[in-house]
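All chains are identified by letter, namely A, B and C, in their written order; residue positions are counted from 1 within each chain.
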Amino acid sequence: MLLMGTTLTACSGSEDDAAQVSAPKAPATIPELTGDPLTLSFVWFEWPPAQALEKFANEEYKKVRPNATIKVNTVPNANWHDAMFTQFAARKTDFDIAILDSQHIGEAVTNGNILDLTDFVKNNIDVNAYDPYLLAAYGQFPQAETGKRDENASLYGLPLLGDTWTMIYRKDLIGDQAPQTWDEMISVAEKCQTDNPGVSGLAFHQANGSDAAAVTYNTVNGVYGGNLWDAKAKKIEGVLNDAAGQEAMDVLVNKMKPLTAKGSGNWFIDEVNAAVAQGKACIAFNWIAASGGLLDPKQSTLGKTREEILGKLGFATLPKQKTDLVPLGGMGMHVSAYSSAANQAEALNFMKWFEQADIQKKWAAAGGVPSRTDAIQSPEFLDAGPFNKVYADSVPRMRDMWNVPQYARLVDIENTNVNAALNGAKKPGDALNDIAREQQAVLDSSGKKGGGGL
Amino acid sequence: MAVSVNEAVPASPVRDRTPPARRIGGGRGRSVLEIALLTVLAVVMLFPVLWMIETSIKENRDVYAVPAKFFDFEVTLAHYRDVFVAPGGGLSDLSVAFLNSLLVAGVSTVLATLLGVPAAWAYSRFTLKAKKDQLFFILSTRFMPPVVVVIPIFLMYRVVGLIDTPLGLILIYTAFNLPFTIWMVKGFVDEVPAEYEDAAMLDGYTRLQAFRKFTLPLLVPGIAATAVFALIFSWNEFVFAIFLTSSDSVRTAPPAIAGLIGGTTVDWGLVAASSVVFALPVLIFAYLVRRHLVAGVTLGAVRR
Amino acid sequence: MSDAVPLTTDRPGKVASVTPPARGRSRRLSDRKLAVAFITPALLLLLAMSVFPLVWALFLSFTDYSATRGGTGTFVWFENYTAVLTSAQVHLRAVTTLIYVVGAVVLQTVLGFTIAYLISRRTHGRGLLTTLFLIPMMLSPVVVGLFWRFMLDAQFGVVNSMLGSLGLDQVEWLTRQRTALFSLIVVDTWQWTPFIMLIALAGLTAVPKYLYEAASIDRASEWFRFRTITLPLVWPLLLIAVLFRAIEAFRLFDLVYILTSGGPGVSTETLSFHVYKVAFLGFNTGTASAYGILMVVIVIVLTQLYLRYLNKLKED
């Protein structure tokens, strides 16, 4: 009988969710906080920063809010988007703060899944303490122009962890000096590969899951002067696959791919790290926030101590070519529209606390990547890891992907096609044209809801 | 009309039949050849399992060694410790997932048995309208692609708040196991002569009492075997688990094990150790019900 | 499914004998009530958890409803169905799925039957052998997928390592179009050959001994005996095993998700995997429902045709 009741309610359910079309607003000031024990839950994917955040927050936040416990739920990276958005779709979340990828904001805002923090930020956050683009990238929607922030646009999140790619190179194999241009990097890698049998020239993300292969192509695309789209005209076809875009695809598939290890066509963060740690790559590219393990002697064959490993590994900002663009990574904190009022208040309080200068420095020392300029420039951050200076130098050079509600499909189209090109399942030119065509079709059908789309 | 599997395969123990071919023709050479072939096939089929066990007791640097190390490696049980104990002490996420699996698989099995056994008995004993159709319908619900079912189930669950709850998984696994339980137990009931119940009823028992006092005790081994299979199905299930749960405290073991890869480093030793720990109960259970394997894996549609 | 053909017959004699002779009207009624009371809860659960979702999916498949974008869907009638049926993307996945199903099922049928045949000819250690061979089938697809991914790794996987010691080149098992689909078939075959073996073994051990004895008096050749005695008796059972495997293989999702995640490109994406992407990346719930319904229809129609063929075979 219970089940019959279930089915009856279920029938009427689909009508209910018509109401929300835009994000509900968060209060401008933090409401009164509860004195009862409370667990503030996050959702992130499984990687070391998630554990670092939980540990850091429980140690430090408890000092100001002894009744609060922080829980960072983690899901497999491949399942990250699905796990958050299926819960959003359920209108019930087991997390109070969603750690969204910067490109997920559009989808969450359009569906009304996260709170509008504009007024809250005005009253509680010192926006001038940030590089404007960082603030925009992790919070603003509609998306900001690369490098800028639109002060009239609404904000839906605050930075949690900044990130970009670092170039990791073997000082003992190619010398202390990091290559300065993309072309130089390729020729150095080629020479290194020839000189050192068993070591491949390059290692980078090629997998067709998450945003792996897509970020790789986008990076090369940016460096070679290409554009992902014309954001104003919502045009991808003809923009992505223009001459610069084609050159970037050619460089990636015909010059860079031949320098990678055989069978590396499904590599992502962990495989690239393993290749570096096993001494199998001359030059590698990886996210800074995922590079900490490289210095762990237990996981490395490069040395028995951190210093020994650092004698062999160098970390540098990405080489430039026609432009100096680097990929923007990292994520912001966003308040779930479906968590309880008390938890939302606690979440806002946490975010305000987290974005203070001294806390950001402590976060940096604990292994996090802060976003406030003063924290990024602080010795606490710069001394915490050899790659942190890379991040500080990369901040003005960042470019993001499309932050639109259709992001998940756009990135899947790009991932699968770039991955196909890298693994010989498609010709590079065809792959790029297919990406442009299919992505354009997705953008054009954005008026349609859940029908007619494949 | 119907394909009768029962006729083709009379129930009889394996041991009765000596393979006839060896006595006649062929001779020794052929027998050796057959044994050799069988050995090769067995090695190929079992190697991955052995390799998994071996990897689970290797140190990580030996795991990545090229060429692969088959014998000369140092044995460590550290991975097994990591399966159960979190780095900072306390229960690891994996052991929580194992407990969740135990809860979800256990309760859904009990429910499927409680609902399925009476239904199976009724289907076996009574003449019912369109019985064959009903039975086939019940079986066919098991053949729907899970990815397809998960969409409406998801929508349904979100209305009633069952997403990311153990109860949600328990219900879907119960429904998942029910067809199989009914089909398999019905087979066992068919084998118990209805005359027992008739006789009991002549002695003044009601039909229900006759079922409980005379038939049910005879069914216990069969029901146990059926339950073990239901347990194995829900223990191994992945698709519903990954789409209907998300938090560490609810997640069952298969998605948790899948989550071990895709971070910043892959600890294959840990993957192997947790796989071994996860597979062990299933293998033990499967061994316990080895007599009923054929019926078990074919949802009771084929019996031996 | 009214003309469904059950896989097992009820024994008519038994059913008849169940209805007790010369019993009062009241007793019969209570029997009926008992039957209803015993069957209803199970059927209700199945209706709620299997039929209702399917009907709901059917309803959604005619709308443009999206699970995340809110609002009710509007009716678009067969738009979703035409979109799915005319999509080149879907055709590609259908071909991939077909190759996979045929490849995997053929391979495991041949292997499974061979192993069963070899085992059935042993006198000693049959129980142990059977149990050992069955291990792969009992493992979770997650464990199987992860572990094969590890073993098939081009750089440090044990398979390439062994090929290397034989002097052979590294093979990119999971990242080339042909090899990736082949690997998927191999892994599925590894896991499910025991299934076919088990059922074939059941058939083989059930062949009555006197048939062989009669044949040996006639001095029939080994092959002749196999073809005229063994195969015809095992064949129907084997065909049912094939049916089960084909249905399972057709809806394959988890192994793809873990082993290749559909790569390289989309060359190992099965229909199920594609449905997942439409449903959970694009949240095009309406389209995904139509896609799913079509898959269910295909399973039902093909199963029916197959069962009919099976029955015909039986009659001849």
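One rule holds in what follows: a contact is a pair of C-beta atoms (placed from the backbone, for glycine too) under 8 Å apart; a residue touches a chain by one contact, two chains touch by 3 or more.
Predicted, not measured: the structure shown is a model, and the values here were computed from it.
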Exercise. Quick one: do these chains touch in a line, a ring, a star, all-to-all (complete), or other?
Worked result: complete
Seminar exercise, completed: Contact-pair count is greater, between A-B and A-C, for A-C
Exercise. How big is the gap, in whole Å, between where the Cα atoms of chain B centre and where those of chain C centre?
Worked result: 15
Seminar exercise, completed: The distance between the C-alpha centres of chain A and chain B, rounded to whole Å, is 39
For this session: Return the residues of chain B touching two or more other chains; collapse runs of consecutive numbers into ranges.
Result: 64, 154-156, 243, 255, 258, 261
Problem set entry | Per-residue multi-chain contacts in chain A, two or more chains | 6-7, 10, 14, 78, 82, 86, 89, 209, 278
For this session: Would you mind listing the residues of chain C that make contact with two or more other chains?
Result: 45, 48-49, 52, 56, 67, 155-156, 280, 285, 288, 291
Exercise. If you look only at chain C, which of its residues touch chain A in the complex?
Worked result: 44-45, 48-49, 52, 56, 63-73, 76, 79-80, 83-84, 87, 89-90, 153-156, 160, 170, 172-177, 257, 260-267, 277-278, 280-288, 291
Problem set entry | Of all residues in chain B, those that touch chain C in their complex | 1-10, 12, 14, 17-22, 24-26, 34-35, 37-38, 41-42, 45-46, 48-49, 51-52, 55, 63-68, 115-116, 118-119, 121-123, 125-128, 130-141, 143-156, 171-172, 174-175, 178-179, 182-183, 187, 190, 193-195, 198, 201, 206-208, 232, 235-239, 243, 254-255, 257-258, 260-261, 268, 271-272, 275, 278-279, 282-283, 286-287, 290, 293-294, 297-298, 300-304
Seminar exercise, completed: As the complex stands, chain A meets chain C at residues 3-4, 6-7, 10, 14-15, 17-21, 78, 81-82, 85-86, 88-89, 107, 110-113, 207-209, 261-266, 275, 278, 280, 405-406, 408-409, 412, 416-417, 419-426, 442, 448-454
For this session: Quick one: which bits of chain A touch chain B in the complex? Just the residue numbers, please.
Result: 6-7, 9-10, 13-14, 41, 43, 45-48, 73-79, 82-83, 86-87, 89-92, 94-95, 209-210, 268-271, 273-274, 278, 290-293, 298-299, 301
Seminar exercise, completed: So, in the complex, the side of chain B touching chain A is made of residues 60-61, 64, 154-161, 163-164, 242-243, 246-248, 255, 258-259, 261-266
